[in-house]
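Below, chain A partners chain B and then partners chain C, in two separate complexes.
The block that comes next holds the complex of A and B.
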């Protein structure tokens, strides 16, 4: 008799599946109609799970951009609509989210927020030929397909830029600590070391740790014994907070440099930045930047979501404006080829800098540097 | 009698395939559902193979994602580095993935199977985490960024065939004398030993076989997605598979299939609920669990069915 129950359950599942088919099928047909006056922008990112803060920020930033554009009358007479799906930072779910969005008939895709998910999605999106702009997927392969563009810097580029910047400060003996188990950290580290030595500098200490470590005294003691004149820390703010405190307790007072993962370190240190005073890091976005556009965005974001925006929000915002410019460039033509072609012709003056895009999907934009001074980030160009 | 049953199963398998085929090829199924076919089949393979250990052998392991990752990396590494036509490449990749996972199953099995219950669970959990850490720091497989650039050469037909093979092999083994020995160990080790069942051998047999299919499922997962990263195969993945087995019923293959289908489809079909999606998913899980195990409800269900039986 159990069999009968199972058969029933099976039938139920099947019915459910069929209903699902019918519903989405209809939506598909509606979306195929090109005469609609809405441009549907799909977004994918982690809204739940460990990486949720990235996805939520991106979504919020993108929503503000969409709202602004719609209030100003839309693009080429069309309103924008943002459909954002959760991927839990899982590649399979990211691809699932992508197909759900395709069922809803999106014209362009903003996503995914994280690197691996973005790569998985571009495997699918390149077959559809749809324009994909990842706001913050920094791995090199994110733009490997011809339809994919990105807003943020790549990991190696950050390492190269920081290597040049540090040498411009007249420092030539660097000590490096990096996270061996994190692609982002490792990518920056490798490029930094290559560029720094190539330009005549010397890496006097090269130490590593793995995700989850909280004690860096061994690495720092070694560095203290070396002749280093600066410290490069390419990893996320949680560990940066530990390193800065432990370095101070060991009496290590070298100037510290880092990458955009530092964003958030002041909050992590509860606002007490004595140990990291003067720390300099590469970042696409500083909320305290006096720039008019940035201040207007920060104000809007604060009103709407009650928090200061981070770089992910700025990346999401810029991605939407890149789409707006691309649509204007094509004169309202929403075909994939036209949009992708238009991307290489636009010049976006965004929150994360003025940028153009090359045919490989990479942004050309100048790096911004932020310095930690008196408990706040200060933009420095 | 037995033949008749087999024919029915074969017929069901063919009908389901034809259904999928027509839905996909005519474009009736939405993009979302077409995309979910392979993940569902992967999860069925994982759940059914884990059921062999958890349900039939009666041992709790939490390292199934570990075996899956070993297989996925071995198989996908092969396809990334060898550029043979897909027809030749894929079957070899599946075999490589399965065998590598089986070898790991054997190696882990030697010390682990001397342990029982919670201890085995802890050891296998540790195994999964060790594998993940190693993969994270191995540059040859892309480290923490994952193995990229895998040819996406699998499709739902390949996945379906593999799933059917898994189901045939596992259900036949369970019905064979090997399967009876495995179940005897679960029910009473001492009794099984006293009638001459080689406990160590059969435990290992179940463990290796289960690992093999987890490995094959892993290759399928990687080939379908084009990228695999170590973080995917964490402890949560093992738990996810275990939930499918427990929800479907220990030692119940059909149950595992249904649970795998429902648990893969449910979070996707709930996407319309936006922010409340995970809340409803969790609620649905609790309700299903209650429905399948609460004594009052089970009794109610049984009464319902026995009455029907009486009427017939």
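The block that comes next holds the complex of A and C.
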């Protein structure tokens, strides 16, 4: 008898608790709708798993921006609140994270951090019409839906910008090596070749390799036999390290250029940059940039997280400031249509450059390059 | 000019394949098993080398000798341990079971390296003093010369050892007929252990020369060179020591030439097609001998 009574009592408590939950949820939704004093920003990115460092950096960068804005009195009288969900760099989990955030009543979405997840989420978010800003999804399709914007460069844009940059240096005969098995590398390569030849340059050697290759001597020997006056290497730092060492062993000393995948090459070479000295690559962010805004950010980041920020942290930071500007533009109107429309009208002076956004969601910003000098990255514009 | 340089590139690539193939062929020739973990022992050796090189604050001569000795010792111990734990219990099992076990050991070593060191490639300082020879436009790197020289010396030593020493005789006896060798007083288990010790010692030398040429190591660094070296061993005639050398050099040159003059993407396909063609035309490989089985 006593047992039954206890069971009943517990069931009763549970039912009550559940009602309680439902009630508070409804209150939250209502609060979001009629514009209380909080703007809820949802964030999605990998906080665990292989790509965890990207997500963690983005979240950290975004948190610093939120803290700065709130300390300065918020936006249009409202405080910002960042709700960040882990997607483990998995598309399905990313969509689930999006649903969780929508249940919590977010006003705008920053994410996802990686391309494939960002594309998956935009499939859902475009139906809800919410403003989505991916800080670092570089694949072209990330901004395919009208509600999606991005902070970083697209892959093809990197190729075009570097083609222009190299020609400005007075070089006109380029040798290119790219990873034929990697979308990122191939995307940059194709755009680079098109732009470089269109602008009057000549591609004198166009070599490829496949993922996992460690021997580049054959390709480099062919390039050495060509009339190339520069070497464009659009791939990740691991292979860049191999190429730079092997080029030196073959006596090939052309100036080398690359894309943002180079970030990390100095660490890969254990700080010995003899063979890659003067190497120049496109990057949205260099922590050693003497720019005041950047140094202030680097200092804050170091105090809070005990490490130097990377480009993902800067992208996350800029995404939050883009939202701030958009809200100011609408004068505090948080409806989806108003915010999306406002995005194309703002001019953001961010850590990753001064930028405006077009209706396709693409940023229009100037390139920054980093040069490898004496074992460190040096910013150059 | 270009052609000669590409030929030299092929030669330096091929001498690494040859060095790894010597280990494969040695173990296969005696123990009659394909040690697919051979490439991964090389990978482990490279990691050991990278750690030993970092920790050594010794005189210039010792800072070369110390990591090399540590690398050789640990590879040899690893090889003998693998044999004892994974292969010895299967001494009388079917060759297929041993082959699958070897693949298992290979994955095990890769996963352990992935757990300990992560997936990033790690820089390893070369222990071979840097020098290069330049003749006109031809560049000959010190690593390539050293690798080729070491491979030739090892090939000769190995051939002499197997053909002219008492232990070598025991090895040949085990390779001919384990049962009969045991009846004649040869300790089969210790002979096979010794074979693995020598095979892994060769892997250590291969890892030293491999990282001197390429400078980096990752958990999967041993896999592809291992497979290519296996192809080289089969091409030259598996079990034959000069065959491994010849097979390795030929393979390196084919790979380099097809990359240079046909297509980079097709290079691997061409390399493996060569294997298929050789096996169709001459199943025992270039220098492999046909063994007549008497009933």
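As a working rule, the second predicted complex is superposed on the first by the 347 of 381 C-alpha atoms of A that agree within 3 Å, B and C clash if a C-alpha of one lies under 4 Å from a C-alpha of the other, contacts with A are read in each partner's own complex, and residues count from 1 in each chain.
Note that a residue touches a chain if its C-beta (ideal position, glycine included) is under 8 Å from a C-beta of that chain, and two chains touch if they have at least 3 such contacts.
All values reported here derive from a predicted model rather than from experimental measurement.
In the superposition on chain A, A:92 makes contact with chain B only, while chain C stays out of contact range.
The partner that reaches more residues of chain A, of the two candidates chain B and chain C, is B. In the superposition on chain A, no contact is made by A:349 with either chain B or chain C. Looking at the shared chain after the overlay, A:250 reaches chain C, while chain B stays out of its contact range. In the superposed model, A:219 lies in contact with chain C only, and not with chain B.
By the touch criterion stated above, A:238 is placed in contact with chain C alone, chain B being left untouched.
Once chain A of one complex is fitted onto chain A of the other, the partner contacts of A:116 are limited to chain B, with no touch recorded for chain C. Of the two partner chains placed around the shared chain by superposition, chain B and chain C are both touched by A:180.
Contact with chain C, but none with chain B, is seen for A:269 once the two complexes are overlaid on the shared chain. In the superposition on the C-alpha atoms of chain A, the part of chain A touched by chain B in one complex and by chain C in the other spans residues 180, 210. Residues 50, 180, 207-210, 212, 214-215, 217-219, 221-222, 224-225, 238, 241-242, 245, 249-251, 268-270 of chain A are the ones that touch chain C when the two sit in their complex. Chain A makes touch with chain B in their complex at residues 1-2, 4-6, 9-10, 13, 16-17, 20-21, 23-25, 28, 47-48, 85-86, 90-93, 95-100, 102-103, 115-116, 119-120, 123-124, 139, 141, 180-183, 186-187, 210. Chain B meets chain A in the complex at residues 23, 28-36, 39, 133, 136-137, 143-146, 148-149, 152, 221, 225-229, 231-232, 254-255, 258, 261-262, 265, 267-269, 271, 275, 277-278, 301, 305-306, 308-309. Residue ranges on chain C touching chain A, taken from their complex, read 1-2, 5-6, 9, 12-13, 119-121, 123, 125, 132, 134, 139, 141, 143, 214-216, 218, 220-221, 224, 256, 259-260, 264-265, 268.
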